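By written order: A, B, C and D. Residues from 1 in each chain.
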Amino acid sequence: MIERRRVTDWWSTAVTEIHPGVIRLRGYPVEQLVGRITFAEQIWLMLRGELPTPVQGRLLEAALVAAVDHGPQAPSIAAARMAATCGVGLNSAVATGAGLLGDVHGGAGQQCMEVLARVVGGEDAGAVVADFRARRAYVPGFGHRFHPRDPRRDPLLALVGEAVERGEVPGHALAAGLAVEAALAEGRARPVPMNIDGATAIIYAELGFPPELGRGLFVLSRSVGILAHAWEETSSGSRIKGPIPRPLLAGYHGPPERDLPADR
Amino acid sequence: MIERRRVTDWWSTAVTEIHPGVIRLRGYPVEQLVGRITFAEQIWLMLRGELPTPVQGRLLEAALVAAVDHGPQAPSIAAARMAATCGVGLNSAVATGAGLLGDVHGGAGQQCMEVLARVVGGEDAGAVVADFRARRAYVPGFGHRFHPRDPRRDPLLALVGEAVERGEVPGHALAAGLAVEAALAEGRARPVPMNIDGATAIIYAELGFPPELGRGLFVLSRSVGILAHAWEETSSGSRIKGPIPRPLLAGYHGPPERDLPADR
Amino acid sequence: MIERRRVTDWWSTAVTEIHPGVIRLRGYPVEQLVGRITFAEQIWLMLRGELPTPVQGRLLEAALVAAVDHGPQAPSIAAARMAATCGVGLNSAVATGAGLLGDVHGGAGQQCMEVLARVVGGEDAGAVVADFRARRAYVPGFGHRFHPRDPRRDPLLALVGEAVERGEVPGHALAAGLAVEAALAEGRARPVPMNIDGATAIIYAELGFPPELGRGLFVLSRSVGILAHAWEETSSGSRIKGPIPRPLLAGYHGPPERDLPADR
Amino acid sequence: MIERRRVTDWWSTAVTEIHPGVIRLRGYPVEQLVGRITFAEQIWLMLRGELPTPVQGRLLEAALVAAVDHGPQAPSIAAARMAATCGVGLNSAVATGAGLLGDVHGGAGQQCMEVLARVVGGEDAGAVVADFRARRAYVPGFGHRFHPRDPRRDPLLALVGEAVERGEVPGHALAAGLAVEAALAEGRARPVPMNIDGATAIIYAELGFPPELGRGLFVLSRSVGILAHAWEETSSGSRIKGPIPRPLLAGYHGPPERDLPADR
């Protein structure tokens, strides 16, 4: 008996309870959830343990909608498209793309939430910016190497702004984000406006998500684009698609041709 | 000039168009979508190229809500939980879990859609069932090794049934699914009711998705559970979590101890 | 007590036995193996359960050496290189590349072994070739879309040929492979010579590996190239490397810009 | 013309050069390598760009042989075994396992190499140990939660010791590792001997590999065990294997059953 307990405890969870004929998600019977909550609300419930308020659900939904895709230039999307041509299922293609959303390619939102937490916690936005500049590092969540102004910034901030005005979310993260943006613009001809990572970081922070889940939510959102792109390749029937079309050939800058030493 | 064209064409897509300051998803400027469509509608738009009707959006939403999780007994969830304790990001944990949703663990919905297509296309449901039985194979989407009756079946079918009654979806896949269910029950004391894969297959088929995207949509839905479980491990701080707790040790049934031959 | 047994049996293996202070691989204490067998022999031992003869070890080694890489044009290599720039560890980069070695990109060796088994089992090589041609399919393991003659064919076949002459391997798979090659060349101006997948398939089949392990061994071999390429990116410090350099932009062939309907 | 250059440069590599009929690995024609170098030497060549000396090749080989497996208790192996039952190819199973070799589960060798570099660079071993203890952290590469003394330590160190005596490798990393081991033992009833990660870290450091490749080489080595275990599941025909056998059920410690609020 003690062994059974040890093993079932090892895999114990607070997420889902199953018994024959019964599936409860965070305590709610699944049959009550179907048709009554949105997918975004389900995401909230599964990650947070409680249902969101309608306002919380809508803000989460907006952030998830905004970040689904940025085209095949992104390595996560390109890799998933190539995977889809290699004879693996769409599940593997999605896994390939999601796997590439690491600290550098998918972590800016999480890192921005950590920056916002510093400012909300009392640090001066200008000092935080100076700190990054001293390390010659970008402030995560601000600036974009492609867009002078990320078109996803304004509609997301407008939604948070309205929620703050109505007292529906505290507003501290929004204030912190705008303070960092202002500090970054100071004394510069060209401002460094918030990007999608910064704008969603504000929403996730206002909603009380921890920074790690900022990455997690981005992965859920971007998986939609990954799937759409992988499916585009699958349905086109392409096979073993490399990064560049023939007859282009990858360059080579290694040692010139040489013979294996005779003593091998 | 010819080279530029060749390369940009190689990566050409109908999903997303970007220019500096511009992101259009299936033609719609992203700033118009934020706050105005749901995440489920965004999934539809990205995969299908057009916006769903409200009814279509709600049916898709219900299917996505229903399939998010079935607890840590599932290998996809268990593997993701273990991944989260190995020092990789949540993106890698999600990739690990999604990667396991292969033909056997994640393909039943897709396979069921193919079965439904046969019946919708004119094959007799009883003959299709007999065909599977002759190969001693399960009919994908029916029966469950844990639930005598999958609690997700009834609420999902109720929603499709209502949509059929109102003429909002054609109803052919629903009819096919019920015919297969009836054929499976014939002459049996214990019926083999539709499971989550069967019920979502009906919805996806009624909505016009190709079978491969049945798998793809399941991956998006189950990724929510994968993330919730991975996060539960991450936030608990566990490290290098194997499948069974110490002091239990995996059994061994290989050759007994032996010495390497002296001539090696 | 019965539960402990059930759980340890669930994870029981014939590969490795561990106890405190003891690690035995296929029965051999690990401390006896270190310094006395080669890495290729270790691979054989782990997969087959017994040590190879020296001849077997050398043939396996040659096949593993031959298949390590074919440059960054391959999607597996390109995806791993991109992964290495996304802020994930080299383990994730290797996983990304290995994951892409699916049925189409990494399965030709396995499929060729199945073809060889048909011919060894008595089917006529010409009939097998005709069978593939009737289905408008390539015969796996023959022909190359880049090399008129794969430079890895001759040295690998020479090694097998010598082993056959000395009676060290049976020679059936070699004969089958040459018969298929001859059948493919018949009546053609340009022959369709065996490629790396065909030549290694012959070796693995002569050595008694099942076809699935043909894929497995290819994955081990190609993982070396994947790691070398991923490391080249890591050590160069590149970040978020997409498939094409700026300012090139992926093309777009989807719907033109359009407004979201006003009722959303 | 300028575009072609830009694109081929974007994918330029020093690893492998291909032309029709030509494959050169680090400058050596592949047909010269087959049958003349070992798989371990090929790994060295691909990662380092030059051939190893025979001594270097043998030390690398020993380290690769030693680390292939530690049984199905390890999450990387367990996850790969489960993957193999989910309807994905062996490539995906290997990818699953390799992906789990992150900072915590697969990074100790790399981290130990960084510790060794500190001591080789002049830091006092005792001070380094004190530094870890002050942070309540384990010194990577020392101690084992299962083996009082890792059986792989002695044979690996014996090989390095002999190479040092013969002047074949410098010996600085070995000295550093032994100094750390001695510092850890000081004033303790039970010593904290070097484990597999520590012993291979010494070898890789003596051979001049950078720490990141310590992880990379471990991934190559452990992939052998991952493949052997995945194949054991594949060949046994098991399907959708979860972490614990039925009828055991994962425990649940979340909220008790509750109804969805009526306003949803």
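In this text, contacts are C-beta pairs under 8 Å (C-beta built on N, C-alpha and C of every residue); 3 or more make two chains touch, one makes a residue touch a chain.
If you're wondering where the values come from, they're calculated on a predicted model, not measured in any experiment.
Participant: Hey, which chain ends up farthest from subunit C, C-alpha centres compared?
Facilitator: Most distant chain from subunit C: A.
Participant: Look at the interfaces B-C and A-B and say which one is made up of more C-beta pairs in contact.
Facilitator: A-B
Participant: Quick check on the interfaces: B-D is repeated by which of A-C, C-D or A-D, going by over half of contact pairs matching?
Facilitator: It is A-C that reproduces the contact pattern of B-D.
Participant: Determine the centre-to-centre distance between subunit A and subunit C, using the mean Cα coordinates as centres, and give it in whole Å.
Facilitator: 33
Participant: Approximately how many whole Å separate the CA-defined centres of subunit B and subunit C?
Facilitator: Inter-chain centre distance comes to 29 Å.
Participant: Just how far, in Å, is the C-alpha centre of subunit B from the one of subunit A?
Facilitator: About 21 Å, centre to centre.
Participant: Could you check subunit C for residues that touch two or more other chains and list them?
Facilitator: In subunit C, 3-4, 7, 9-11, 13-18, 29, 33, 37, 71-73, 78, 88-89, 91-92, 95-96, 99-103, 106-107, 243-244, 248-250 touch at least two other chains.
Participant: Within their complex, state which residues of subunit A touch subunit D.
Facilitator: On the subunit A side, the touching residues are 4, 7-19, 24, 26-29, 32-33, 36-37, 49, 51, 88-89, 91-92, 99, 243-244, 248-261, 264.
Participant: What residues of subunit B sit close enough to touch subunit A in their complex?
Facilitator: Subunit B residues touching subunit A: 3, 6-7, 9-11, 13-18, 20-23, 25, 29-31, 33-35, 37-40, 42-43, 46-47, 58, 61-62, 64-66, 68-73, 78, 89-92, 94-96, 98-103, 106-107, 146-149, 151-152, 154-156, 158-159, 210, 212-213, 215-216, 219-221, 223-225, 227-232, 234-235, 244-245, 248.
Participant: Give every residue of subunit A touching subunit C within the complex, in rising order.
Facilitator: That would be residues 1, 3-4, 7, 71-76, 78-79, 82-83, 85-88, 92, 95-96, 99-107, 239-244, 249-250 of subunit A.
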